[in-house]
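In the two complexes that follow, chain A is the common piece, with chain B as its partner first and chain C second.
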Partner chain A sequence: MSADKKSSEPLFSKKNKKLITDPLTDNNPVTIQVLGICSALAITVQVNQAIVMSLSVLFVIIMGNLIVSLLRNLIPSRIRIIVQLLFVASLVIIVDQVLAAFLPDLSAKLSVFVGLIITNCIIMGRLEAFAMANKPWPSVLDGFGNGVGYGAILVLVAVFRELFGSGTLMGFPIFGNSLPGSESGLYQLGYQNNNLMILPPMALIIVGVIIWVQRARNKALIEEH
Partner chain B sequence: MESTLDIFVKAIFSENMIFAYFLGMCSYLAVSKTVKTAVGLGAAVIFVLAVTVPVNFLLENYVLKAGALSWLGSEYEDLDLSFLAFIMFIAVVASIVQLVEMLVEKFAPALYGALGIFLPLIAVNCSILGGALFMQERQYSTIVDATAFSLGSGIGWFIAIVAIAAIREKLRYSNVPGPLRGLGITFIVTGLMGMAFMSFMGIKYGEEAPKEESAPVSSSMIKKSKEYNIK
Partner chain C sequence: MAINKESTGFTFGFAIVLVIILGVILASLAEGLKPMKEKNVRVKKQIDILSAMMDVEEANIDRSNAETEFSKYVKLEEAVVLNKDGKEVGKGKSAFEIDIKKEFRDKTLEEKDKKFPLFIAKNKEGASRFIIPVVGKGLWGPIWGYICLEEDMNTIAGVSFDHKTETPGLGAEINKPFFMDRWKKSEISDSEGDFKKYEVVKDNSGTTDPSKVDGITGGTITSKGVEEMVNRSLAIYTNYFKNRKSK
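Here is the complex of A and B:
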């Protein structure tokens, strides 16, 4: 069935491209659909963590969408939530084991938040809203688009928090050496890191500001209340 | 070792599920438009957390942990099933939510009327699975401590969602800039509430000094910023 669909419709038709680009802009999962904030913000203190987290979510959402979409006619609708949760949980176990094996330091820092990908609302939301009703290929694209849209916000927040909170990006010092006694760069002029940026509340405020900027640019997104 | 009371109070305030770890943000943002529904969802979260975390504690300590199966006989002593934790925890949460829903419907119809529609939502609430995973990571020594932690987390979540719902009800009458309306201002208000909640940090109830663990950034950062103030 999917074969003749492909022959009649190019792999990257306009509709399929829209599936990828929409979540990046006007239908972003984090800032517009309000999904997946749960496990996202706690790990945006450093850009590294945010990137690893985004890639993990990207993997889980693409694979999850693909599996559920392939099995969508076999899953009884009464127990679909539990079935979906089990697929996602198995995928997350794979991610967790791979991270623990190859990136043990980061895996320790991410701690419980890798496990919390299971209940990440983006994944359940996309499975429920898209993969249960669409063919495999569009579902993969949808998963890719939403995963990247989620990752983009995550990395953006992490860049602000790491740059202004610790003066580094990906662990490299940007503003010079901040060690007391041997300051260099901006720190010589009396610049200090803003420790508030590293505390959890600032993540919320940064996302609030991102939403503000996005909606100010596109008035159609403004809510009534 | 921290005292049980300490764990309880810490879970409510300084390590609040919402303000310190952002767990359960999805339903927190979606169901906080009116105080009434917020109270319903908050109560359901307290209830489910208080039931699932102790069950998962038993599962963790008698089935999953390295060597936890030794009660079956010496040949099971080296088994380590902890990689199965995620799938077991989520299965326990989903089935307990289902079970609780049926029991409540049968024996307490009034409560079911109040909580009913929220219970299915809760299986995918991050704070429930988060409670189980934090319990696993922090290695609480007794089931009493684990229950205190889960109750405290639930109450903290309840306080947070009821407070934001009350604020959002009032916000409707204020003149918020267009693009910030709705979601944006809710995020920022939550951030400000989080800062207020952080001032509870460092309250100690136990006799022994609490160990500085988890909340890795926050506690050390607070210390750092204090140093800066002195300078």
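Here is the complex of A and C:
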């Protein structure tokens, strides 16, 4: 590929745009590739947590893709996986430390799950499958697309779980006051929060429903058996 | 000269250089952020202690002003350190530095060497308050809190509980006002000054019986953890209060 061709390609060419839009829809890392399910179960009880988790993953995946892509011609192939892991782990530690220093309350809530970003297969998957073979800019876009695709599902699941499990969104009561003895709004009429929503299995069920809806709308996604 | 990047030498060199670079970056970051993290931990502890005594939101206490507000209410130089029998073994600022969570976890530490700090504070009206830190086990992880006693060293003025990983909506509710308010106004000792046990119950009798507290529906193990934590800690401090009162 000549240098001319590279400079003539616009930053957001059709191909590059596809890198962002694909993971949001027909190649979503969570609902289509079924990756990153572990964290989707763990930190989708509240929308706040889901958003911070998504942003953390977004940062790690973009930076990871960028670094690996820049060094792709230098990384010895025999140790490439462990090198990628090193970058991801370092980035995750940076996120963890920065959260602990600047957002201590949220950091306490996310506890071990920030550290567990390391094990999020979406990140390692993108580094190995995309960043190792592509130029930095497309890699950044790919990281952005996949990070947002992951985050979108996370937040969507969290909206359902927080709304029906705790009756709040971002911590604000939606259905009224649920405290026993001083109920207001819907709770006065006998409505109750669904405690099952708060437990991890419900996240799986919601992810399952999202996958179902998505495949029902796009028949091309259904695998042949 | 082209480098053979698949050679063993290059592979080793690459790995070594990379690890050194990343190590330096991470170490300097951790070191650079250390003062902020330590401050966060200290401030969180101060807010937790104050929230046993008063409504910190109402008093507009947050992370930004916690340190000045804390020194206004809590007189650290009056704080005491007790041993497991409730005997005074220390006094002063060192009480704040004791990490009772760590001591509670530490299996190698002997029971007699454990330290139990007691903070003495004055509320807005100038009345004495005694604040007892407590720590215990929930369902999934540690739970901890502070119990604040009124001037009589007997009536609970307020509590603040918190947890690390209890189930949201169930055990995690122990840090919600509706649960913590259930402890208020109950008494920790009988007329002799001896400790009486608390019982966390399910049958709603907590509203009438002062030695019972209603648990949390669906959070039985966490509620029982709170019960164990409160009873174990208060038993130690009641011994101390009995002596202090008789003086």
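For the reader, a short list of remarks on this structure follows.
Just so we're on the same page, the second predicted complex is superposed on the first by the 217 of 225 C-alpha atoms of A that agree within 3 Å, B and C clash if a C-alpha of one lies under 4 Å from a C-alpha of the other, contacts with A are read in each partner's own complex, and residues count from 1 in each chain.
We adopt the following convention: a residue touches a chain if its C-beta (ideal position, glycine included) is under 8 Å from a C-beta of that chain, and two chains touch if they have at least 3 such contacts.
Computed from a predicted model, the values in this text were never measured in an experiment.
In the superposition on chain A, the chain among chain B and chain C reaching more residues of chain A is B.
Once the two complexes are overlaid on the shared chain, A:W212 sits against chain B while remaining clear of chain C. Of the two partner chains, neither chain B nor chain C is touched by A:A129. Once chain A of one complex is fitted onto chain A of the other, the partner contacts of A:M170 are absent, as it touches neither chain B nor chain C. Applying the stated contact rule after C-alpha superposition, one finds that A:V45 touches each of chain B and chain C. Of the two partner chains placed by superposition, chain B and chain C are both touched by A:N195.
In the superposition on chain A, A:L86 contacts both chain B and chain C. Counting contacts by the rule stated earlier, residues 45, 82, 86, 90, 93, 97, 111, 195, 198-199 of chain A appear in both its interface with chain B and its interface with chain C. Within the complex, the chain A residues that touch chain C are 45-46, 73-79, 82-83, 86-87, 90, 93-94, 97-98, 100-102, 104, 111, 165-166, 179-181, 193, 195, 198-199. The part of chain C that touches chain A in the complex is made up of residues 5-6, 10-11, 14-15, 18-19, 22, 25-26, 29-30, 33, 36-37, 40-41, 44, 63, 164-165, 167-170, 178, 218.
Every residue of chain B that touches chain A in the complex is listed here, in rising order: 19-26, 29-30, 83-87, 89-91, 94-95, 120, 123-126, 128-130, 133-134, 136-137, 171-172, 177-188, 190-195, 198, 216-218, 221, 224-225, 228.
The residues of chain A lying in touch with chain B in their complex are 31, 34-42, 45, 81-82, 85-86, 89-90, 92-93, 96-97, 109, 111-112, 115-116, 118-121, 124, 192, 195-196, 198-205, 207-209, 211-216, 219, 221-225.
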